[in-house]
Amino acid sequence: MPIKVEPVEVNIGPQHPSTHGVFRMVAKIDGERIVDVKMVVGYLHRSMEKLAEERTFTQNIPFTDRMDYLAAMSGNLGYCLSVEKLANIEVPERAQYLRVIFGELQRVASHCMATGAFINDCGAWQTPVMWCFRDRERVLDLFEMTCGARLTTNYMRIGGVAFDIPDEFLPALEKLVNDELPKAFEEYEELIVGNEIIMMRARDVGVVTPELAINASLSGPMLRSAGIAWDIRKADPYCVYDRMKFDIPVGYNGDAYDRMTIRIEEMKQSLRIIRQAVGDLPGGAHKTDVPLAIRPPAGEAYSRVESPKGELGFYVVSDGGPAPYRWHVRAPSLINLSVLREMTVGQTIADAIVTLGSIDINVGEVDR
Amino acid sequence: MTLNALRLIPMRSLLDLITGYWWDLRDFSNLTRMIYKHLEDWGFPDWSIYVISGLIGTLGIIAFIGGVAVINIWVERRVVGRMQSRLGPNRLGPFGLLQPVADAIKLMQKEVLQPASAPGLIYTLAPIAFTVPGIAVFAVVPWGRHAVLASLDVGLLYILGMSSLAVLSVFMAGYSSNNKYSLFGAMRVIAMLVSYEIPIVAGLLGVVLFAGTMDLQGIVLFQEENWAFMVMLQPLAFLIYFFAISAELNRTPADIAEAESEIVGGYHTEYSGMKFGLFYAAELINAVSVSAIIATLFLGGWWAYKLDELVPGWMIFIGKVYGVYFLFVWTRGTLPRFRIDQLLAFAWKWLTPMAIINVVVVAAEVLAWEESGWSAGFWIPVFIAVNGALTGALIFGFVKFFAPKFQRFPTRPRFYPDIDVPSLPAVTGAEFMAKGGQA
Amino acid sequence: MLPEIPEAAVWAIFLLPVASLLATAFVTRPYPKLSGYVTIAAIGAAFALSLWALDSVIDNDGHALGFAPHEWLKVSSENLYIQQVGGPSLHVDVGLRIDGLSAIMLVVVTSVSLLVQIYSQGYMEGDTGYSRYFMWMSLFTAAMLGLVIVDSILMVYVFWELVGLGSYLLIGFWFHKKSAGDAAKKAFLTTRLGDVGFAIGILLIFTKADTFNIPLIQELAQNGALSDTVITLFALCVFAGAAGKSAQFPLHVWLPDAMEGPTPVSALIHAATMVAAGVYLVARMFPVFQASDDAMTTVAYVGGFTAIFAASMGIVMTDIKRVLAYSTLSQLGYMMLALGVGGYIAAIFHLFTHAFFKALLFLGSGSVNHATNTFDMRKMGGLRKYMPITYATFLVGSLSLAGIFPFAGFWSKDEILGAAWTDEKPLFFIAMAVVFMTAFYSFRAVFLTFEGEYKGGGEPEHGAAHGESGHGKPHESGWVMAVPLLILAVPAFAAGFVNLPFGSADGLAHILEGALPESSAEALHHEEFNYAIAISSLVLGVAGIGLAYAIYCAKAVSAESLQKIWGPVHTLVARKYYMDELYENVIVRDLLYRNACRILQWVDTNIIDFAVNGSGQVSRWAGDRLRWVQSGSVQAYGTVGVAGLIVASFLMLILIEGR
Amino acid sequence: MTTPLLALTLHLEDVLVVGAALFAIGLYVALSKRNAIGVLMGVELMLNAVNVTLLAFSRFIESEQPLDGQVFAVFVITVAAAEAAVALALAVAIYKHRETVNIDEIDLLRW
Amino acid sequence: MIADNGIVIAFWLLAATTIGCALMVAAVRELVQAVLFLALTFVGAAGMYIVLSADFVAVVQVLIYAGAVSVLMTFAVMLTPAADRRNSETVFQVPALILAGLVLAIVVFVTLDTDWAISDRGAFSATAASLGEAFLKPYVVPFEVASVLLMVAMIGAIVLTQEDEVPPRRQEGE
């Protein structure tokens, strides 16, 4: 006969070191075990979708930086793609290649952050996160070199990219891609793949079944960890991804451990893509001439990219005016978060934290 | 060349010159003896001499510990900083040495908050009670051949008692904070204490069996007599004690009581100002006192193969303490945290059986030693070899046969170079494994 | 000669049968033959050791061998105060007393047991309870041996009861027969009646003399440390016990019925062991009896009466075993008579010889029964032709029983007669009459059984061991049964020579005297061999034989006509003087059932039941009220407990302060 | 030798009185507390009082084997530890079934 | 008789602490606080043991009572979440008070009334070794029995508090 206890409600967040922002998880706890979880979002809501309706299409690009501020390039790219689709704008080759390079660099940076934060959530005392930050900083240095900003890059433009790459960019990129990052990834493998404690903490924790993953319309590493090979870059190629050769890493068990190993492999694949893109990088203009206050014809467009978090979709409706009539974002963080309850109930608090870390949410994107 | 030149310096006679005087740094007992003599001359009664000398020793220890607490903040931050590929504090004073002072001043200035519903007495007592045992441990730790404050017959038991007291104060803090996170931390500590007391005691039994005494000075002398550090004779006990005590110290990978990423700060979530500062200091103090215990029990304390004739014993001792402390900082800087059930399982399923095996083996060895009548010169290398091999074999065997099966699924993902867009879902992991693991 | 026997060997005499009992009970029970062998081996070894013990005792002039007693039980208060006021303390020692008397008893018991058990192998062959039989035999023998060797009257009592248990088990051995069960119960209960007296005697002597040690009691009785009344009472109590076991007059009724047991059992119980135990006890306590004339007289007259009383019944019995049973009674009375008139040596001498010839006679009757399936002499006859060995040995036994020169019985009987002549003239004449009757009935049995024509025997009994002889001609028993008969015939003939009345002073008398304390031994009579008595008793014996021959063999006088002439008397005697009826109808039914029980019933219903029911009702009422005290609250219990502790402490303080 | 400034002495009786006081407090706690765990605390206090007394005797009383008092104190501690473990387990077990550890509600010993 | 000023002062200080904490155990209004005061009482008692030159017993006291028994008690308090956490009294409070007073009176009276056979042996020098010898020589059987008792207590406690069925930890993967 088990002891009868009143489940205790514990607020994990919004002020908590491990909620990756101001996300609130109200956990009902029996001892250490979670009985029920209630998710509360909205603490960071800035009403971006509404604000965007008052601004021109070009002015809306910075908003996409500030949604997933860890993957600003992907947000820029997704939005620009949708407007270009709406306005039927042809993008130059070079710009497409640059978009791929920066998108993949952004993926590396974001996954570095995710890995470090995940290990931190597992309880390591800041060291792995510092290492991951070190490598992320290297990527961000390249961003800074190109567009002057590190996080909120605001680099993509409708019809191309804002600036062409500087001369010192390519050597630095090649050094990074061929030398520094591969070494760093070996270290991550040591940290995650080879660490018994991480295995104990992450194996069988936060399991997502394939059925659940599809029913909840998960995407990104969450989906792939459940054993489903799905990637927008392959399924619905944009830019020049159809010219690139890369593999999609797919997990077996759908647990936190799978998600982290998938992220590491994805980073390696990103390097592979970058190498190909740098090799094929054509000359020419980096941007077509598009009026600043572009007025796309009335209509609607939806385009999606594979952001580090998953499928990032932008749905833009134009009434022919300078501002979008409706602007909607399919934010992967929010949708991936929706299965948190299924993943954590029955596990301990510590497992819940690990699970949350492995989902890799960004509250800026969740709340928008 | 240089060495020969050095030989010209009359080291021995220089040492002789200062030997026996109270300023001889190598041994504090001269100082104590002088104080004794003067007090007696002044006609103090015996008991007051006893009290005064005890107080002086205590003051010395507290001064050392205060210094250590301050310095260790810097040490920890610098060392961990290096590990994290950053610099650590480097602005205040040379190498940032004054950073802890600044920290302390900041902490003292802060307002001391107290939850309205907290029982004030316990809330206030907890950080103090947490600090005291760590300091009290030093009473029985020998600093040199003659420098030990209290040569307690049951020194080791005393240490164990003190270390178990510290955890109770953690509970006091956690309970009185009236905060769910704090209560979680407190309960985790209690659960952990119940589990980890056993491997600690059982692990140290091996040491006591070898040394034949629980007096720490006696254990050091045993190591000196047999010309071997206890860690060589008892590698298994060392490992067991090291892991178990790092759990009791609440340091990573076993810092589940504070577990910042899970329960925010655990038992000290609600503390602020100097009360929190005391917790912070006490954690360092406890780490140092445990390092001192390990240095004494396993690494020879103030003795180090004739080196103690040249260098003052307390210096050697402090060096060893910091060596062990570095180990603690190292593990803290690198390892993630266990979950609590894993931690308890580790205690019950790994440490306790290994400790018991160790005790049995040591008992047999000591019996063989005593009964055979052969000299230590024969037995000590044999024991070193046997115990080393045993430790290796046990660890290997436990890992091989009792480790959880993490490898049920491959550690690396599989790769799909291409995907069939319409076919959803794709192959699940189970189907994939059933097909033989090929993409 | 052999060295003096060590104490352990003497213990072994007792422990060997115990060991065989245990071995039979726990190991060999499924293997009947093995049980027999084990038992015989054990008793054989005990016999050898007994001979050694006898040898040692002879070396020691019949005085007790010096074995120190062992403490067995010590109940005494450690409280100094109680010790000061001389509170009760109980010391029970277990010691051995091996002197002339016990050594002779040992030899008698072990030898007869040995032969009986060898004989039993044949007699009991095929019985379903073979192992059980030997188990109980071992128990019985062990108890008897223990009874003989111990020196504490309490231990004697213990073994006394064990002997009773053994006899109960053996008599009721064929418990499926109702008669056997009844007989066993009868024997048990009747002897118990005497044992009660014995127990009272033990309690009496312990409260007065503070010891259980027999030599000590003897000494105290001899030097007048105990008052005459105590001694007399004690002696009478002991005699009550002895009378029960030895089946003296009022308690004799069990013995004839005890013939329901297997014949070897009868041989053992009624020849050498159980019934001899009573005589042995009186002999053992002889110095005590010496100190009380009244007791001696009682013993003598009871013995004498029993002797003639039983002999008269023996004359008319038709069952051969019953004849022998009454003969045993009569002979035991003889021995008691001898003891009562101070013929201590004579009594033991007779016990000694009687053991052999009576065992021989019983075994012979068993052999006859084995051949004919019946004990009824009227169905026998003419067996001399078929069973020569049995006949010869039975004849030897009968001659010895009848006291014919120079058979063993002659010598011992003669000594008794001599003792009676010197001490109590009336008893002498009774004894002489018994001599005649004994000779008559013993030869009546011989003639009825072995002479004349064979009359067909009885139906084979179901479940009995010896059914195979059937209706055919009777035949001689197997060697297993015949050899013991032959062996027993030797002492039955020659046992008398150990104590010839002329010359030698080193015989049986010498070592028996050694068993007594000095003063007691000096008080014994040492009369010369009286040829007049010897010859007259011999003449009487021969006359009895002659009469028997005349009636039953030569048929000069018709038995039936005699029966008619003596009609009422015969009926009276044949119905055993209506003793059984007296006991059953008058005493038990009328006196106890009808009257005493009515009173008791009234007491039971009106007083005892009232008390019982009343106390029950009171408890219920009180419990109903008191259960509120048991509230289940531990703290309430604790409070009350501590309060009680405090009260006790106060009392203690007050008492200590007040003293 | 001059007369010392302060000459305090400690007698056996003093220690025994302290022990008695501890025992009395323990008794009060054991008899009066409502919570079973509180009662157990009282019992532990009493055991401690007994230990104080034992050690006092061991220290002060003339004896052949003065250490026996300490030996018994250690046994008392051992037994107390076992008793505490079992008693607390009992309390928890009772709590499982009755959801209370209040002594005045646990009356299983009731008629 | 101990005539050392320092020790006597230490004793009375410790005695005051011990008894004061014991009184607090009886007086405080919350159970967990009572447990913590109980731990302090144990520590104070351990101090008194040291004064009585029983260092081994003192250390064992700290280790077992303060370290283990108090922890167990807090554990038990925490494991009975819905129970009454107030340190309240039953109706037996007044009788218990009276009885405790009477017990105290009687014991004190007897203590003062008795003529004790005081020895002038002085303090014990080293008790641990002698105690070890005592445990393994004359008292080896009680010692072993005590160890068996502890074992039995441990198993008994586990059995008593064991949950009847272990809930599944989490759904297992394939």
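Some notes on this structure:
Note that the chains are named A, B, C, D and E in the order they appear, and that numbering of residues resets to 1 at the start of each chain.
By our rule, contacts are C-beta pairs under 8 Å (C-beta built on N, C-alpha and C of every residue); 3 or more make two chains touch, one makes a residue touch a chain.
The structure displayed is predicted, hence computed values, not measured ones.
Minimum number of contact steps separating subunit C from subunit D: 1.
Counting contacting C-beta pairs between every two chains, the top pair is D-E. The greatest centre-to-centre distance from subunit E, using averaged C-alpha positions, is reached by C. The chain with its Cα centroid farthest from the Cα centroid of subunit A is C.
With centres taken as mean Cα positions, subunit E sits 28 Å from subunit B.
Averaged Cα coordinates give subunit A a centre that lies 112 Å from the centre of subunit C.
Between the Cα centres of subunit B and subunit C there is a gap of 88 Å. The mean-CA centres of subunit D and subunit E are about 6 angstrom from one another, to the nearest whole unit.
Each of the following residues of subunit E touches two or more other chains: 5, 7, 56, 60, 68, 72, 75, 79, 82, 90, 92, 95-96, 99, 103, 127, 173.
Under the contact definition stated at the top, the residues of subunit D that touch 2 or more other chains are 4, 27, 30-32, 92, 95, 99, 103-104.
Multi-chain contact residues of subunit C (touching two or more other chains): 633, 635, 639, 642.
Residues 633, 635-636, 639, 642-643, 645-646, 649-650, 653 of subunit C touch subunit E in their complex. The residues of subunit E lying in touch with subunit D in their complex are 1-3, 5, 7-9, 11, 15, 18-19, 22-23, 25-26, 31, 34-35, 38, 41-42, 45, 48-49, 51-54, 56-57, 60-61, 64-65, 68-69, 72-73, 75-77, 79-80, 82-93, 95-97, 99-101, 103-104, 107-108, 111-112, 116-119, 121, 123-124, 127, 130-131, 134-135, 139, 142, 146, 149-150, 152-154, 156-158, 160-161.
Remark: subunit D residues 27, 30-32, 39, 103-104, 106-111 touch subunit C in the complex.
By the touch criterion stated above, subunit C contacts subunit D in their complex at residues 627, 630-635, 637-639, 642. Residue ranges on subunit B touching subunit A, taken from their complex, read 80, 83-86, 180-181, 184, 252-253, 255-256, 259-264, 332-342, 404, 406, 408-419, 421, 424-430, 432-433.
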